[in-house]
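My questions will all concern the structure given below.
Should a chain be cited, it is by its letter among A, B, C, D and E, assigned in written order, with residues numbered from 1 in that chain.
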């Protein structure tokens, strides 16, 4: 009566292994994809000697695999101004990743700070800050984008600012809800009974506890930000000329979809991979940290 | 807002606009022959224009290309200019300068508005006064008008402050509405006119639908209804033609021409136009104060290759400072050609052996400029000059442009009157202060050319003007474009004037 | 040893529910936890069996396994059988087990708030078994629900039948849960820590209600608890669980008065009230074992005051020690010593 | 009483505000504690019992400063804390510490045991100099029965009982005179609960600690307390030594409360505390 | 509940005031003088000054702000300078188009995502679930303008099934609706899935099982209602966002919606229309979310019956 029938235990073991393997795969594969894109983004433009301002009109709109007059092969073809699409995609990925990372950093810091203050102090401060968030949500971001493009000229920094302004609310909301969930936890009250100040409690006690869901949101938001940059490019208020981003390459290539499909489709696939990877990563992180977190 | 030339009307100065008006410089006629005319209830045509129609009040935006394309089929002016820029009767039957500053016009009898009301001199007076009071882009041109009086129902007298030979040209641009509504902005937002079509429905920047004016005083239009539907996305635009949603497209970009030409039952036509694109140096700013730098910049650019690659045969390289289709735009004797080595030498001589940095502004409202600017910037980079492109939205571009807050500017332009004077004298004389360029010698040549009535003498003078300008290189004329339409084979009677203001009253559909 | 136990129960009468060598595993990210490892017990009609144990001992898993409520896909029965009415619930598909739920075996849970659906009126929830299982009309079902609510002591039931769960106190909610559980007159009621979330006065009322209902209906009860005191009044037999196994079972008085397993004894000694005041308590040393990493042999040996090297060698099985009362089984090789120490 | 009282609570009144739903203005209050009086002498253990909603936790939280008193006085060593400034309050916190109910929730999951124990010294840096904090933390761990080698482990690596020991070590770090135990052993399994109770007893002797011991578990209260207060509806309904209360409760509520406490071996003293007849006996 | 409603309305008013103020400030921060745009680059300073005076742009900012707020309250945003009609009229023309599009997109998304989410949740971690979740991730990971053009080339150009632009037939709504709905389908599918999975662990689901209820019955009575209540908020937010955020789709399909109106008005600095658009978009957003909050409160008795 003591020995368990091993036969019936075996499937459960395999299942366990598989599910653990699943979580690992779902973390590792997207990480590998993102890392690969990042490495490509760093090195490929250098290796190709990619110059966003170089135009080779004789080589424009060449399909993937074309041999160029200088003997090189454009694996992904060339775009409407004859620049090598592969190198441009990688340079674009670099810009997109920079925009994504910087936006997440800025929006994340601002949003988390506001969210935590609102959640921690509550009362009128909470009401006001959250109404500011509502105002932000109700406000069409495109107006802001055009404004900044008009005031400061087109630029990567402006895109980052616009996207940060339109993304901080997500972080504020999640940080606030986390603080609300945590602030009455006993360990937070314990910190208070020890005589620790609000600063310590907010940043040393509450912040670390709130980070996991914020990280989950962050991974998912990275994809959203990169896509939003593409939309801004499409509307003509994205990155400036001479700075290819994935979004701008796709947007510029869209009018060639019926004649030179590769210009917007291939960077689209890369964007898809990037967004998909961050999305899957976010899901995996969520499953790992707290399966109860909703797709935020 | 994405069409190339929408902003022309804003950019183009008003002062001299109406001195003369449109001249015919060859016009394209699309489609010939065809089957039997469709029955009247099927005479419905959709046209995809190149320009957005932001509003329909001509007194508020008298130079808006898109609006005028529609309004020229709905409203009419006192006179219209023929192919030779000569005024011909339209609403006015005859006219006479009774004194050097008094013009008396006799209105045509029997002209009615589409609502049945007869045209009277009161309508003309009230409309002209409305134009003047609006202080819009024509304000400077209209400033010479001292008063307008309606002497009797068919007689209008215009008094000017000084002798003004170009007044009839100005009048050809003013559409006449109804006196009763002269103060009524809402009425003008959807005006009733004396033309062959009536505005049925209007959604700004999207769609205007016209129906035939059944009570038209002249020959009635053949189309029962005509819809201007703006489609900005190139794919959607070409698709609309391919699946029969639209019958005529205007302004097919070069990269889509092959697609359009490959479509069965579609005819693609292009014609000589009056639109061209130029690059201006800010001649008052370092380092462009130096003619060697300006020339070097010009010589660095392989224009034939750029134009051929980006625009194919929808555009052509220029050999003058205005489109050759306009009178007086003679070919320069010695146009700078692509010579990067020489350009570098010139830069070195000017003290910029190491190159320099500067910016170039352009409006994002001009679709397809990205490739052009990239090509230019790339070419300059080859001679060691680093240029930062500044793509600005239309409104920002205009304010930067007006403030001369740029090193270089690229924009389209139209020699609206079809005469070199309109472009050259207006833009490049010292007084114009458009780009910090001033050459008194040139001013004198241009003044002479303006005063002269002898065509041959003028051509000779313009030869000198152009050659002087080539030497000074205050600007680079980049290329001139050819207006084009792609039309279904069922469309008949379509003619494209150089101005692209198509007269739709002659168009009809066949099987 | 199982045979022994089976023989014992046969001697009395054929059991209503017979759990045999039940094994349940949970898959976690850290590995596989054997939550139940060879649990066997019988429940006779009309009797109350208390299953006692500390957290992680497997007492709640037992009830989940019976009701096919193991969280999927993490938990699964990997061996043994649950015999009810000639059917092995461990082998039957879940849907078959569901058919027996409520009509044959019903269950109430620890937290009555989360166990009631917050968005439905309690009347509808209590009436649900009648409507879904018996196909009654709404009106009739609600009338039956009202009767039940009155029976379990909901004051002003006519009005409150249309209230929502959050409008009730904890004790009232547990009464509602009980009403729902007994709606279809089950033969066995499993109460999984029914009073843990409640105040002590309410706890007494709920325990009294359960006892009354059992007396009325003659149903058998399985009372699952960590509190030795709560079940003492109501249960006839008790099974003490430790690390997924039953380590001692028997009549409740016999087990409480003469514990034969050092763990049971330690547990009883740990209860503050059982001591003369001022005297220090005699707790069990150490902490409960980690189910992912059970000690070899008797899982209790690291904490056991009388452990000997043999305890490490093999998992002791339940046996009837010398001198023990009939049906008193202990899984300890030194059970006799424990008794003599007493 | 000849001893000087360490903590003296007089006419304590605590309420939770009710806000209007529109402008969130305070429109009324919910009295959690209506009128509570008691004193704790140095080295004494006072128990607070009562059912949920009786206000016992609110009393504790108000004394430690997690809630604000609406009325009455709380004197600690003669000083009124309700009127204290922030700095005074901070100093007071050194002398008064709290052990919480939930061993899982009361420790910051992101800090190692050592960091948790050192944390109080961040707020009161003068208690232990920086260079000695690590060793002091380990000494404290040792004192509460935890292996000091585990100092760098995180709370989730410990069992419930061990975690509660960490919480006790943290409370001890500031060398307080009074420790408030708010249901400090209620969440523990009975075998572990006994260990912790014994530890608390030992520490009390060693450091001459006073406890305010809050519990709904009367047997625990009976075991550990010198005096017991029975709270009902925010009011102390009865007070006395455990023996007095258990053997001869005066107040009706106290009687009902004690009657409801389950007895381990109801068959031993024959007279079960419950009304006979309704419960079938075996 | 009434107090809750009133409070929510007051907060909504506050948000609208905030949006109005922000748009007022932003519009005045944008360089490029509308007077210059009207009069052209050759206009004289006098002309510009006269125009500014006529447009009220030379009044002190606070006075402008006051009259602007007054206008907001009465729904009078002034006239569009490009079209000589009240700005509100243009907005009233464009808003219903976008609203229709957004409504259809949300409705379509709900209809499609509901079964997908349920199937994925019921078959969690099985192949069908993986297909649904991966598919939804992919759909969310593509730029909508790219999807739009690809759909247009397939269904409009190649197959000639659907029109590419215009608002003349119901068919012309299909493509833009699809483009708007796709990311929403993806989001809702995942939300419904995770909501159901989460609810599946709740005590009352086990209670229902213990009552002997079959899984489908549990799903459709106990699980769905609890899982869907939180999703209402997301749907409301998405609907509200679509009203102002459909501009990309509107551009691809030349759809005369409020997003395009806003963008084209920004480009020509038609302040009145910009302000009217932004405030109407914000008002619609706030109103929808207010209704959603109230609906949420109504559906959840814990909120509805709270004191």
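Note that contacts are C-beta pairs under 8 Å (C-beta built on N, C-alpha and C of every residue); 3 or more make two chains touch, one makes a residue touch a chain.
Please read all numbers here as calculations on a predicted model, not as lab measurements.
What are the chains that chain D and chain E both touch?
A, C
Any chance you could check whether A-D or A-E wins on number of contacting C-beta pairs?
Output for the comparison: A-E.
Select the chain at the greatest separation from chain D, using centres from the mean of Cα atoms.
B
With chain centres defined as C-alpha means, what is the inter-centre distance between chain B and chain D in Å?
Distance between chain centres, rounded to whole Å: 87 Å.
Please tell me the distance, in whole Å, between the geometric centres of chain C and chain E computed from their C-alpha atoms.
The mean C-alpha positions of chain C and chain E differ by 53 Å.
Using the average of all C-alpha atoms in each chain as its centre, how far is it in Å between chain C and chain D?
Between these chains, centre-to-centre, one finds 31 Å.
Two or more other chains touching the same residue: where does that happen in chain C?
73
Could you list the positions in chain A whose residues touch two or more of the other chains?
19, 127, 146, 150, 254, 257-258
If you look at chain E, which of its residues touch at least two other chains?
Those would be 30-32, 125, 149, 153, 157, 251, 266-267.
Please name which positions on chain E make contact with chain A in the complex.
Checking each residue of chain E against chain A gives 11, 14-16, 18-19, 22-23, 26, 29-32, 125, 133, 137-138, 140-146, 149-150, 153, 157, 187, 190-191, 194-195, 197-198, 230, 237, 240-241, 244-245, 247-248, 251, 259, 262-263, 266-267, 274, 277-278, 281-282, 285-286, 289.
Which stretch or stretches of chain B touch chain E in the complex?
1, 10-15, 52, 54-57, 60-61, 63, 135-137, 139-140, 185-186, 188-189, 203-207, 229-233, 235-236, 238-240, 242-243, 245, 365, 393-396, 398-399, 401-402
Touching chain B in the complex: which residues of chain E?
Where chain E meets chain B, its residues are 30-33, 36-44, 47, 50-51, 79-85, 90, 93-94, 149, 152-153, 156-157, 160, 163-166, 251-254, 256, 260-261, 264, 266-269.
So in the complex, the part of chain A that touches chain D is made up of which residues?
123-124, 127, 185-187, 189-197, 200, 205, 208-209
Quick check: in the complex, which residue numbers of chain C touch chain E?
Interface residues on chain C, with respect to chain E: 67-69, 71, 73, 95, 98-103, 106-107, 109, 111, 113-120, 128-129, 132-133, 164, 166-167, 177, 180-181, 183-184.
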